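Chain nomenclature is as follows: A, B and C, assigned in order of appearance, with residue numbering initiated at 1 for each chain independently.
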Amino acid sequence: MIERIRINTRSRVECHELTREVREKVKASGTTNGLCYLFVPHTTAAVTLNEHADPSVMKDISRQLGKLVPEHNDYSHAEGNADAHIKASLMGSSAVVFIEGGELVLGTWQGVFFCEFDGPRSRTVILKIAGDSA
Amino acid sequence: MIERIRINTRSRVECHELTREVREKVKASGTTNGLCYLFVPHTTAAVTLNEHADPSVMKDISRQLGKLVPEHNDYSHAEGNADAHIKASLMGSSAVVFIEGGELVLGTWQGVFFCEFDGPRSRTVILKIAGDSA
Amino acid sequence: MIERIRINTRSRVECHELTREVREKVKASGTTNGLCYLFVPHTTAAVTLNEHADPSVMKDISRQLGKLVPEHNDYSHAEGNADAHIKASLMGSSAVVFIEGGELVLGTWQGVFFCEFDGPRSRTVILKIAGDSA
């Protein structure tokens, strides 16, 4: 019931669209109606839903987060990635998408994005697909 | 199992309480114990839980978000609503409320709010009410 | 199916780790595979997942939130805790963790944290542990 999507990020900060991979996992599960949970088992990355049509939207999100939470600041955490931890909690470690008629219930412009805040790294997003009980 | 609540927002930025509508959908579903998921299929709006007793709380949230993410900035997204996309991801596209004894499990001061960041528009919040499996 | 964890916070702003308590509740439930939902029935507190190994990470998160949302500002809400309400919505009132083989599915560095923004107070986190339907 638990599926994994592997992602190799290439920059310190980037947003990586996962909509196609999530859709394929849901199709492969054979679930008609239910829920798809996405969970990020990392503390310097997140998952969010936002516009997939214009890639500049996710770039604006990353840039504004970088203004609100600068990489270099008077942080206590000594590993140099305190900003990434803070951004991860602001954006959130999980997301949920409904499944109806075997399809993800997403708005026209909505896509699922993995947000890397401390790359490049090998990352995993864990999915749990739960069909409605009869 | 999927229900929809329609909202017509009247301003560019506003918070619209949905607690009563959500409660009515849960009652109508006849679910005694379970979960109620709320999902916003838009990329410039969000859902959040916060205080319903004093409307100034949601106004303070909207205003502070407006300070953190100004409407006019050096955004790449050319449609003039990049700020609304950023706020949507900061606040989140989904929420969950428990159902116990046929009632929403909410704190005394908690209400469910739809957050419009790029109105006025016709909007939808999708609900999934899932009863506990026996 | 609904469990409660009681927390007595000691400062106005603090992060309180709950991983051990959540793990114990999951063990006690006897759930092999499923989901553990955490819900905060308060409007000036939140729940988040982040690093538990170095306590300075959660301190950095609290401090940066304090910079983004100052305690004293031109807020409308007259109770002096508008900042706490705003932080609560930025961080979120719920979290979900998967359960697999009777264990919480958490990354190596991940812990579950209750975030107090208007303490000291007596607080509750509500858990719902849902086993997969057969």
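Note that a residue touches a chain if its C-beta (ideal position, glycine included) is under 8 Å from a C-beta of that chain, and two chains touch if they have at least 3 such contacts.
Computed from a predicted model, the values in this text were never measured in an experiment.
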Point to revise | Magnitude of the superposing rotation for chain A and chain B (Cα, nearest 5°) | key: 120
Check your understanding: Over half shared or under half: which fits the residue numbers at the contact of copies chain A and chain C, same or different?
Key -> different
Exercise for review: With chain centres taken as the means of their Cα atoms, state the distance from chain A to chain C in Å.
Suggested key: 20
Point to revise | Junction residues of chain B, two or more chains touched | key: 68, 90, 92, 96, 133
Review point. Which residues of chain C touch chain A in their complex?
Key: 33, 35, 48-51, 54, 56-57, 59-61, 63-65, 68, 90-92, 95-98, 100, 105-107, 109-110, 132-133
Point to revise | Of chain C, residues touching chain B in the complex | key: 1-2, 37, 39-43, 68-69, 73, 75-79, 82, 85-86, 88-90, 92-94, 96, 126, 128, 130-131, 133
